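Just dropping this structure here.
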Amino acid sequence: MAEVKFTSEISVEEIQHIGDDSVIVAAARVSTKGWSAVPSDESYGLIKYLMTHRHGTPFEHGSLTVRVHAPIKVWREWHRHRIEWSFNEQSGRYSQLEPLFYLPSRDRPMMKVDEWKPGRPKFLVCKDDLIYRVLCDNLKRSYSLAYEEYQKNLELGIDPGLARDCLPVGIYSACYCTANPRSIMAFLSLRTHESEAKFPSYPLWEIEIAARKLETVFTQHWPLTYKAFNECGRVAP
Amino acid sequence: MAEVKFTSEISVEEIQHIGDDSVIVAAARVSTKGWSAVPSDESYGLIKYLMTHRHGTPFEHGSLTVRVHAPIKVWREWHRHRIEWSFNEQSGRYSQLEPLFYLPSRDRPMMKVDEWKPGRPKFLVCKDDLIYRVLCDNLKRSYSLAYEEYQKNLELGIDPGLARDCLPVGIYSACYCTANPRSIMAFLSLRTHESEAKFPSYPLWEIEIAARKLETVFTQHWPLTYKAFNECGRVAP
Amino acid sequence: MAEVKFTSEISVEEIQHIGDDSVIVAAARVSTKGWSAVPSDESYGLIKYLMTHRHGTPFEHGSLTVRVHAPIKVWREWHRHRIEWSFNEQSGRYSQLEPLFYLPSRDRPMMKVDEWKPGRPKFLVCKDDLIYRVLCDNLKRSYSLAYEEYQKNLELGIDPGLARDCLPVGIYSACYCTANPRSIMAFLSLRTHESEAKFPSYPLWEIEIAARKLETVFTQHWPLTYKAFNECGRVAP
Amino acid sequence: MAEVKFTSEISVEEIQHIGDDSVIVAAARVSTKGWSAVPSDESYGLIKYLMTHRHGTPFEHGSLTVRVHAPIKVWREWHRHRIEWSFNEQSGRYSQLEPLFYLPSRDRPMMKVDEWKPGRPKFLVCKDDLIYRVLCDNLKRSYSLAYEEYQKNLELGIDPGLARDCLPVGIYSACYCTANPRSIMAFLSLRTHESEAKFPSYPLWEIEIAARKLETVFTQHWPLTYKAFNECGRVAP
């Protein structure tokens, strides 16, 4: 039987990108300059103006593809982003999923602190080592049995798309994700928490880990756009 | 501890619908009749013409909302339909998921018959009662332990969005789904298997169950559109 | 030769609608109540909460279809709304366009008052009757000649899709438009000007006329959603 | 007064592109190879398989941006492509449009040959020099007067967004367009005519000119995808 592995890592790795702040500027300038608008220079003033007034379309003329490794529960949320997001994910029907499962790191805020409050959940870091250990043991025990039963099902010759029904949402899956700067900003605004954001969001911890890594890639290629995004309260244009 | 339940049922129930074949006809007639085009009659000839020539936009002026109960593995596929599909699903972050899990019915084709062939998996009904029983036992055992650990995690006061990481993709989740006739046909063409279809698809058994129930609702409200869809090889216009 | 007609009217007429505030509430409640969430009551508190926190998806489970008569220049902007908007418009390739042209009403703000300021154009009502009359005469003269040449081209036996190249963007065209409450609000936020809006927009006068008529239909069917939209600064959720 | 110019040219010029056949292959392989799938080689067999079976999503992980100069009537059609197409077009509200107008070239099929047949218009090249000359004269006369009135309106100090209402759909406008390979193929399948296509389309001549130039750019960067597209009857996957 394959050895079950556990990790807290969520990986986001760039595959390719095109377009930069100068292309966004050029696309915006078509509005007034017509055919003669070509990418040449950057203009933070114009980018900030577009962002402030929510003229979003110029931010669509670029593309970033990343390869991401994350638990299924993260994909369950990420794949809900329909607009200008493209996905190709690992299949549980066509291949055997690897025994890699998610465990929270020690600093993952996880203790409920207030009454059930839909939409704005708040959690504290667990101060009690025992609780953390028990949680991890519970997860490991369940993960391990699930993978064991999964393998048994496969050995029976069962359709992998059925044999996997016992696999948990904590199992890892890989996905190619492609989006443009505008759709990336929409994702970041919803999947990161910033108290100073105009519309603060309360994302799932694990998708925020992925979003922060995507944000790091994004800021490298579109630094002015990213700066304006932050100065405008992280509202996607 | 809550009692774990198992089922093979996948439910699709209509909430509301608007538009019928006569609205599709009227929308198409705007093209040549302009402002005077209003829904009045149906015309199978025109609908068939639109379908044959893939003039798809007239099929967008309607809407169907259904409430669906299905295992998470079905949602994993259904939510990949981005175009003109709207979803609101039960949340594992804001509520405790109920202990309802999917078991295959006896007649679900599940035995692998050929070598691993991505894209066109083929399975046979299991003739061996023992294999079926072992599969179900494996799933039940894993489901039961997963739910037990889930409850223990919740009792520790853990974030429900983390406590649920051990829950399997065979657990049920409810979702509101809204789509128009065109996007419903795109879904049906991919999520049902018809040997005589122009582009035969090889969907997951469980999503086909849901798709067939949706198809039944669809044909009631758009009978001419549905007829043309079938006559044109189930290619979405 | 057909007689050329002029008008300042822009018409928006309801064809059909489905869904109301109670369906939005039910769709949102699936999140916590799962399968048992069905449309039953309305809850302004919940709708306001969804709007404030930009939980937009529940506002997608409804549909409104309108028939609109407007100058082509309005369609040029309206058709840029890609997300969850469906259109079927009159065709200049398959039919002869009618000689109906747009003239501004007397109270249409039209005089430039400041230096060229892209993005935030501001205009004043024309106080000088002569200017208004000259403008209308200019438009009428050009409209009339264009339609005359168009007819001559058609009489030569020319492809209507080419014969019409001289027709101006002030000519009327009819269109069926279908959208859900969320996409309607996105449209209203961009195509109406409200000084107290969180992100004030500076739309073209003529599309605002259409948008205001659409807004009137919208508020009838989704009064609580509309109220929350306004109270939240007309930011589409 | 500005001098009016006429042209039959429609320009499509590449601004940027990313992704090639090897990225499509890698995105498809995530399905079975998971995290280890990276762009390395091309495989015509796999691309052809994806195309044949309409597995469309792998074709979304690329991007092409072009700058296009075309008459407004072309934009009226192009902008109806909503899915994964991004546009920024010249504005008649924020700038004065240039006096450049479309005239058909001598070889543009333009003579109606059959009764009015919506959906499948067919035209022949004009054999009569006189007819062609009269058509061009008609258009020129109308174009010239329209631009003259437009300039007079602007000189009155009228809102450019109103002053332009007399401008014809034959006037040129520039636009940035960005799309991925999948959405480009959907565009090509609808906006070009190939008699051997599985679903032959009957596009407007002028948008086909643009589509053919886009096709030339596309085939340079995605030669295997383009080959498979053609071999599969030009059905977008």
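In this document, chain identifiers A, B, C and D correspond to the written order of the chains, with residue numbering beginning at 1 in each.
Keep in mind that, in the parts below, a residue touches a chain if its C-beta (ideal position, glycine included) is under 8 Å from a C-beta of that chain, and two chains touch if they have at least 3 such contacts.
This is a predicted model, so every value here is computed, not measured.
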item: Contact-richer chain pair (by C-beta pairs counted) among A-C and A-D; value: A-D
item: Rounded Å distance, subunit A centre to subunit C centre (Cα mean); value: 35
item: Between subunit D and subunit A, distance of the C-alpha-averaged centres to the nearest whole Å; value: 34
item: Two or more partner chains touched - positions in subunit D; value: 31-32, 57, 80, 83, 87, 91, 94-95, 118-119
item: Overall pattern in which the protein chains touch one another (line/ring/star/complete/other); value: complete
item: Residue ranges of subunit C touching subunit A (in the complex, touch as defined); value: 31-32, 49, 53-55, 57, 80, 83, 118-120, 190, 199
item: Residues on subunit A engaged by subunit D in the complex (per definition of touch); value: 11, 15-19, 23, 26-28, 30-35, 37-39, 57-58, 60-63, 65, 67, 69, 84, 86-91, 94-95, 97-98, 172-176, 178, 180
item: Of all residues in subunit C, those that touch subunit D in their complex; value: 71-73, 75-76, 79-80, 82-83, 85, 87, 91-95, 102, 104, 108-112, 116, 118-119, 121, 123, 131, 134-135, 138-139, 141-143, 145-146, 149-150, 152-153, 156-159, 161-170, 204-205
